[in-house]
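Paired with chain B in one complex and with chain C in the other, chain A is shared by the two complexes that follow.
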Partner chain A sequence: MANRCQFENSNDIGVFSKLTNAYCLVALGGSENFYSVFESELGLSMPVIHCSIGGTRIIGRLTAGNKNGLLVPNTCTDQELKQIRNSLPDEVKVKRVEEKLSALGNCVACNDYVALIHSDLDKETEEIIADTLGVEVFRTTVAQQVLVGTYCCFNNQGGLVHPLTTVEELDELANLLQIPLCAGTVNRGSDIIASGLVVNDVAAFCGLDTTSTEITVIEKIFKLQDKNKQNMEVQIRQDMMQELE
Partner chain B sequence: MNQGNQDKRKQRDYEDDDSEEEEIEQPISVHNKGDMEEEINLDFVFLDPNQKQFHSIKTFMNGYLEGISFKSSELANIICDQVELGTMVGQEDEDNVFGFTTILNIGEIKSNVIGEILHYVDTKSQQFNKQHQQLQHIFQTPKKIGLFINERILNLAPQLVPILHNQLKEDINWLQKEDPSNSLTNLDYLLVITKSFKDNDQQKQTQKKSTTDLNDLIFQKFEDFVFLQKSVVSFRFLSEGSKQTQQVSDFMKTEQDGQICYRLIYLIQLKDYLAQIANIEKYVQQ
Partner chain C sequence: MLQRAVLMFCPLCELEFEPKLTKTNICPNCLIAQMNITQDIDNDKEILFCRYCRRYQRPPWVLCERDSKELLAICLKKVIGLQEKTIIDTKFIFTEASTKQIKLQITVQKEAMNGTCIQDSKILNFEEVYHQCEDCKREFTPHIWGACIQLRQRVNHKKSFYYLEQLILQHHMNQQMLKVESADDGMNFYYKQKNQALHMLEFIRSYLPIQVKESKEVFSFIKYTFVVDVPRICKDDLVILPHKLCHQLGGINRIQICYRVASSIQLIDPIKLKVCEISAEQYFKHDLDIRTMPLRENCDEFTVLDVEKIKPQKNDQNNPFQNSFCTVELMKDNDSDYKQYQVKSHLGNFLQAGMTVQGFDLNKYNNELDEIYDKPELIIIRRKPEKNKKRKTQLKRLDIEENQEKRNKKKEGLEEQQIEEFLEDIEQDQHLQETLNLQQIQSQQ
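Then we have the complex of A and B:
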C-alpha cells in the first residue's frame, strides 16, 4: 500500500527517512503524525529508529542501505553511529564510509540484490558497498544524471525512474536490475523521485501532494497492491470483456 | 474569472507588448582568490504567477508558520493562481523562483489555509501582543486586509528587491484602472508575518530593556525595518522552530551560539506601504 504523509510541512519524505525490508530510519523532530503513519503501516514487523547523522535530519539522503546493511557517511559522529548500531537488528551490518561524496543516499540506489552507484565513487567505496550490502554493483547514470540515488528508487519488485529517462535507458537499466522499471514523478510532478518517496517490498510512503495517478503508478510498478484487489481487478476486466462480446 | 484577468494583463503597456516578462541585467562582481575581479552577468526575469512555479512557492511556504503543519500546498496554489497581482523573480526558461511578492485578500479567499493563518496570528497576538485589542478591531473587517507575502532566497541580489515591491504597486494601480471592483483594490491594511534575529550575547544584556527597540534586531529582509517604522500594530515572539533544530544539533552548540530567531507580525496601512517603497531604494543604494 502507498501512503501519503508529510514531515513538518515538507513533502520530501525520502530526505527525512530511509526504508528497507529490515528496518526504517526516521529523522528527529517530526510531528507524531509522521511517525504514526510509519508505525501503523510497518507495525511490529520492523524497528522504526529515530536518529540523526552529523547533527542533521537529512538522513535519507546521507545513508544507503538494504536488509543486509547500512552505510553512513564520515560526517556521522561516533555517538550517532553507536546509537544506530544498537537499535538495528543484529543481522544488519553498519559501516561508516570515508568518501568525499558523502551524500550516500544521493549517490547509491539499491535493493537487496543490486546497487546502482554514482560514476565518481571511489573503488574502495564500491567494494564496501558490495561487501556490506551484499549486492552486485553497477556504475551508471539515470537520464544522464550522475546522482542515481536521487533520480531513481527501486525495491525487489520494481522501480521508478526520472521522467526524462529514454526507452533505451529504461531497457538497459531493467536488464541490469532484472526488475520492471517505469518513468514517473512524485509529489505532483517533481522529478526528484527518491526525495519524495521511500519504498520497500510491502509499503511505500510519499508526500501529501502526490496525485492519485502518481500513487496508482507507484502501487503498480512496486507491486504493492493487495492481492485481493488485484484479483478483483482481473475479475472485473474479464466480466467487462464478456459483456462486450 | 482568471481567464478574464489574464486577457486584461496582456493589454498592459509594457516595453514588450506581448510578453509578460521584464529582463533586468544585473552585473555582479566576484573575487577569485587573489585574481582580478571577475564580473559575471546574470539575467533575472520578472514573471506573473504561474502553476509551473508551484514547487518553488511551496518550498518557500513550508516554513511560513515556523514549521507548524498547515496547508502550505493550498496556499502555494492560491498564490500561483492569482495572476492579476503578484510578481516572481526567476530565470529565463526555468521554473525555479528565487523570490516573490504577492497580496492575498483575507476576506475574499474561501480556503481553510487562510483560516489557519489567521488562527495562528490570533493565538500569538493573544499571548504576545500589547495591542491585541487594536488588532482584533482591524480584523473585524477581513475584506479590507491583505496578507502580504514577501519571500526570497537569502542571498538574492538586493537590487532586485525594490523592483519586486514596485511591481506590486504597479499591479495595484493597473487593477484600480482596469477592474476597480476587484477586492484587491479596496484594501486598507497589510498583514505581514516575517523573521528577524538577535545576537545571543545581546539577548542576555538587554533583557531588562524595552523589547521594542528595532535597532537591536537583525532583519532577514531589510525592507521589514523600513515598513515596521510605519506599522500600526506590531509584535514579536521567540520562534518555536529554533528550539526544535537545537534539539538535534545540541552537541554542536559551541559552534552555533550565534543568533536567536524571532517571528515578527505587523500590520501596516496599504498607503503607508506604498509610500515607503521609495525608501527601500535608498537602502539598496547605500
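Then we have the complex of A and C:
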C-alpha cells in the first residue's frame, strides 16, 4: 500500500528516510509526524530508527542498504555509527565506506539480490558492496544519467525508472535485474524518483504532491496491492454484473 | 518490426504518452495548460479617444479607422507581457462602434524550457476612454491670451493684410495663434505666450516694413500688447517726399513711384528712372510729411501709341528696370482733345503699341504739387488689368473673427471688391507671384 506523507513540509521523502525489508531509518524532524507514519505502518514488523549522518538529516541520500547490510559514508561520525549499529538487528552488517563519492544513496540503487552502481565508483567500494549487501553488482546508467540511485528505485518485485529512459536501456536493465520495470514520475511530475519515493516489498511512501495516477502506477509496478482489497474488487464486480443481468 | 516506445501515464491526466517525444514528464495537453503563456498578457487596456475630432492617441493623435493597421499598432503598443513571445497572428473581432470596446484575438508562440514551442491564443479587450486632445482643449478653453499683436495701416484698403494673410497660410504661421480678429484699420493676432508673438513679429518684419511699440498689463499673469504700424505707402502709389528726406537720401526728386514693398519701401524716380530705398525707421521719422496718392482713387487711363527704348547712361546693377527704360507716346483716353504726350517710363519691357495703361495726370492736381517744379505731365504706373478674365485663383483665407461692435455696414460689399483688386495686383507683378507662390494655392482648389 502506498502512503503519502511529508517531512517538515517537504515532499522529498527519499532524502530523509531509508526503507528496506529489515529496518527503516528516519531523520530527526521537528515534530514526530513523519516518524509516526512509518511506525504506524511498519512498527510491528521492523525497527524504525532515528539517526543522523555527519550531523545532517539527509540520511536517505547518504546511505545504501538492503536487508543484509547498510553502508554509510566516511562523513559519518563514530558516535553515529555506534548508535546505528546498536539499534539495528544483529543480522544487518553496518560498514563505513571510504569513498570520494560520498553520497552513497545517489550512487547505489539496490534490492536484496542486485545492485546498480555509479560508473565512477572505486573497485574497492564495489567489492565492499558485493560483500556487505550480498548482491550482484552492475555498473550502468539510467537515461544517460550516472546517478543511478537518484533516477531509479526498485524492490524485489518491480522497479520505477526516469521517464526519458530509452527502450533499449529499459530492456537491458530489466534483464539485469530480472524484474519488470516501467517509466514514471512522483510528486506531480518530478523525474527524481528516489527522492520522492521509498519502497520495500510490503509498503511504499511518497510525497504529498503525488497524484493518484502516479500512486496507481507505483502500486502496480511494485506489486503492493492488498490481497484483501483484490478480493473485494472481485466481489464488487460480481455483484454489479448480477444487477445488470 | 514495430517501433517500441517507452510509454508513461501522465501524472496529471492519466493519459498515456511518450515522454521521449515531448522531453517532459507531463503529457503535451497538461504542459500547455500548465505553461499558460497567455496568462501574463494583460487583458483590459484603455485607449484614449477624442470624441470631438475622433482621433486616437498614440501619443501623437492620429485619425484611424476602426479595423485598421494603425489601430492595431496602437493596441499592441499598449499590451504588456509580450516579451519573449512571438506574435503569429492577430485578428479584430467584430464589435459595435457604440460599445466603445475593441476586441483583438492574438495568437502567440513561446519557447518552453526544453526546446518545444507552445502556441496559444487569447482575446484582448480594449476600452475606448474619452479624453480631450490638446488641439480640442485649445479650441474649447476661453481664450486667455498672453500676447497680442495689433497690426495697423492707415489706408482705405486692406490689401496689405490680404498679402500678409496669404504669406501666413503659406508658411503655416497660424498654428500657434489663439485667435485672429479684424479691426477697422487692420487686424489683431492673439497668442498664449510672448515668445510666440515675437516670432510672428520677426516674420512680419521680413515681409513688411514695420514699427513696433510694446506695452504690458499686469494681472495675475502679464499680458503683452504689440502695436505694429505699417507705412501708408503701398505698391503702385505715387509718393511725395519731404525736402529733408530727399536730402538724406542723396538729393532725389520729391515725386517717386513705389514699385515694391518688402522689408523696405522701394521707390523709382519717374524722371531720372533711378531707384532708391526707404527703410522703416526713415519712413516713420517723416511719416506725417510724406504724402501718398493711391492709384485706384486717382488713376487715369491712356493708350500707348509708340514705345522707343532708351539705353541707360550708367550701368546700375541694383535697378531692376535697367533694361527697360523707354520713351512712350501716349494719348489720353476719353479725351476729345486727341492730345499726344511723350513720357519717359521704366516699363519698356511690358508696353506695346495699342495697350491701355493706368497712370496719373499731374495737370489735374493743383494743390499738393504746386511747390514742385520740374514735375512731369504724366506718370505711367502700370498696364491696365483685364476685367473680364476668369479668375483661376481662389484664395485660402484665415479664420478671422469680426469685431462686431465696430462693424461698419457700408463696408460689407467692399471686401469682395478689394480681394478682386488684390488678385489683379498679383497678376500684374511677377515678383509678388513668386513670393506668394500662388501657383500652389491654385492647385489646391
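Everything that follows uses one rule, which is that the second predicted complex is superposed on the first by the 229 of 245 C-alpha atoms of A that agree within 3 Å, B and C clash if a C-alpha of one lies under 4 Å from a C-alpha of the other, contacts with A are read in each partner's own complex, and residues count from 1 in each chain.
To be clear about the criterion, a residue touches a chain if its C-beta (ideal position, glycine included) is under 8 Å from a C-beta of that chain, and two chains touch if they have at least 3 such contacts.
Note that the structure is predicted; figures quoted are calculated from it, not measured.
Of the two partner chains, chain C is the only one touched by A:Gly184; chain B is not. In the superposition on chain A, A:Asn33 makes contact with chain B only, while chain C stays out of contact range.
Once the two complexes are overlaid on the shared chain, A:Glu8 sits against chain B while remaining clear of chain C.
Judged by the touch definition given at the top, the superposed model places A:Glu214 against chain C, while chain B stays out of reach. Once the two complexes are laid over each other on the shared chain, residue contacts for A:Thr165 go to chain C alone; chain B is not touched. Of the two partner chains placed by superposition, A:Gln238 touches none, neither chain B nor chain C.
Taken together, the two structures place residues 188-190 of chain A in contact with chain B in one case and with chain C in the other. Residues 6, 8-11, 28-29, 31, 33, 52, 55-57, 77, 79, 187-190, 208-209 of chain A touch chain B in their complex.
Residues of chain A touching chain C in their complex: 163-167, 170, 182-185, 188-191, 210-211, 213-214, 216-217.
Within the complex formed with chain A, the chain B residues making contact are 54-55, 58, 61-63, 67-70, 72-73, 244-245, 247-249, 251-252. Chain C contributes residues 4-14, 19-20, 23-26 to its touches with chain A in the complex.
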